[in-house]
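Common to both upcoming complexes is subunit A, partnered first by subunit B, then by subunit C.
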Partner chain A sequence: MAVHEDSNPHKKKSSDALDEIPTFNVENMQNNTRVINYSRTFMSIIGGVIAGILGFTGLMGFIFYFLVMAITTVGLAAKTGFAVHSYFDSWNRIVLDGILGGLLSFVLFWTFAYDIVHIF
Partner chain B sequence: MGVGFIVGVVGVLILSHAAYSTIQYRSLLKITGEEFSGPPINVLVELIAGPVLCLWAALTVPGKFLSILPHSDENRVVTLPANLDFMIFNHRGKAFPLELDLKVY
Partner chain C sequence: MAEDLVLDTAIRDWVLIPLSVVMVLIGVLRYFVSKLIRSDQVPDIKIVKEGQVIIRARNLRAAANFIPAKSFRARRHYYSNEENGLLHVPKGQAQNPQAQMFSDPNMAMDMMKKNLSMIIPQTLTFAWVNFFFSGFVAAKIPFPLTQRFRAMLQNGIDLSTVDVSYVSSRSWYFLNLFGLRGLFSLILGEDNATDDAQRMMQMGGFGFDPTRSLGAEKDGLDIVQHDWALPKFEQRAVAVLKKLS
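== the complex of A and B ==
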């Protein structure tokens, strides 16, 4: 009896058990999530440097961070051609994913740039 | 990777030039004794142009979005049957002409 080897790299994942099970390609989904994280991290760093140069302190800086994240979200949605459901399984991924992680990078580069420009 | 990366580097260079201009502006303010209320207008222009370039680089450098729908054109899965029990190798197929326009890839 020959062994049936499954060399299929596209492992499907089903969401819930309805009549029609929506499946999607997990490997591409991980790739898309990774792209979003890279983009958001880079824009958090850039936003931190700008907030430091402009001299924001306190609440204004955090408001600026969420403004930068909103602009990045619009840019990512535009990158998908506004057809989000053909690249992600829900809106939450493109809107909320990576925001809290980017906040730490933002604060780090914000204090760094502020110190360099305004204190030393 | 090439063009977007260079655009990102140019954006970062513009931002670092804006930071350096702001440092010089602050030392000028220390000489004249005024307070720092905001960077000068050319630094503000740089602070708008730099992040626009960086945003463009941030969206294009990490890579393209790949479609996750199982039935889209770029996600075609073609697997040939791998069980040997149903494979017959001694048949009359070699008598037929060879067809080369099968879409297998």
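== the complex of A and C ==
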């Protein structure tokens, strides 16, 4: 879980007390979303390699992928200190964003590692 | 179909790994080449102006609740009144984006350069893969697929008895082409030139119509429900301070 970029010093200000009025900085939020996408891509590549080396096939690999994504979600949430709303506008961002986008990378690296280790 | 094929380890060493490495390197090369040949065109002053107006209007809309109703109304009037508001576009003045595109050769040139930097390496790599590596199985994907995927995954092999999960080298090339996008966004940064989907979007929005976005922004501004936030701020401050103590 070392991928949650720390280069993000100016995240959106906490809005706990201002629940009624959403105040957020668009640029910072885009930056946060980008960080999430990076983490997801990274995790999907690493997860693909791990799945390939461990030799998962079929459904098992996809289950592993979603497991990795769930772990990433938990890690990201932990990074925000479980105060997701002070960094993102909704939980969906942290839970769902980028999952399908990483799938193709995952499949590629899964296949690659699996072939190198197990097929030949 | 039942028994596994035995693949030669030479295929791994001389096809699978080199192909992937070459794809990555070509992606990197393409990124830097397209960076080199990109020309900084001087933006049209009218377009820049309109863009700035849109940004200002958007800021006003986002921060509408933090200014008094009167100020908000005044600003909205400034932007969207029907006579000389900044966002108001008189009818008939809207420029045809197509005509604009053809009147500016630089624009077309730039687009062509972008396209070329994308198409040429792809064609070359494809030809290279075709020439050297055609006609044999290079990899096996670790999950089963239905027969429909045969055309996609066993491009270049005309055997109907081979299990569908075996991938020909040409199809491995395509898998790489799409799957490496994530890797490129990691190693080259977000706005790398290899993002085909983004490129498509840019192309679609190429002849974009500034007057249309002005109109949309005007409509958005018109329907904003103004609700001044400051009167409630004292109570909020009290709540925050109470929480602290």
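FYI, the second predicted complex is superposed on the first by the 99 of 120 C-alpha atoms of A that agree within 3 Å, B and C clash if a C-alpha of one lies under 4 Å from a C-alpha of the other, contacts with A are read in each partner's own complex, and residues count from 1 in each chain.
By definition in this document, contacts are C-beta pairs under 8 Å (C-beta built on N, C-alpha and C of every residue); 3 or more make two chains touch, one makes a residue touch a chain.
Quick caveat: nothing in here was measured; it's all calculated off a predicted structure.
Aligning the shared subunit A places subunit B and subunit C next to each other free of steric conflict.
In the overlay built on the shared chain, the residue A:Phe112 is in contact with subunit C alone; subunit B does not reach it.
In the superposed model, A:Tyr38 makes contact with both subunit B and subunit C. Judged by the touch definition given at the top, the superposed model places A:Asp89 against subunit B, while subunit C stays out of reach.
Of the two partner chains placed around the shared chain by superposition, subunit C is the only one that A:Gly101 touches, whereas subunit B remains out of contact. In the superposition on chain A, contact is made by A:Ile53 with subunit B only, not with subunit C.
Applying the stated contact rule after C-alpha superposition, one finds that A:Phe62 touches subunit C and leaves subunit B untouched.
Residue contacts after overlaying the shared chain place A:Asn28 against subunit B, while subunit C stays out of touching range.
For the three-chain overlay built from the shared chain A, the minimum Cα spacing from subunit B to subunit C equals 9 Å.
Overlap of the subunit B and subunit C contact sets on subunit A: residues 34, 38, 42, 52, 55, 116. Contact residues of subunit B toward subunit A in the complex are 8, 11-12, 15, 18-19, 22-23, 26, 36, 38-39, 43, 47, 50-51, 54-55, 57-59, 61-70, 72, 75, 77, 79, 82-85. By the touch rule above, subunit A contacts subunit B in their complex via residues 1-2, 4-5, 7-8, 10, 12, 23-25, 28-29, 31-32, 34-35, 38-39, 42-43, 46-47, 49-50, 52-55, 71-72, 75-76, 78-80, 86-89, 113, 116-118. By the touch rule above, subunit A contacts subunit C in their complex via residues 17-18, 20-21, 26, 34, 37-38, 41-42, 44-45, 52, 55-59, 61-62, 101-102, 104-105, 107-112, 114-116, 119-120.
Interface of subunit C with subunit A (complex): residues 7-9, 11-12, 16-17, 20, 62, 65, 139-144, 167, 175-176, 178-183, 185-186, 190, 229, 232, 236, 239-240, 243.
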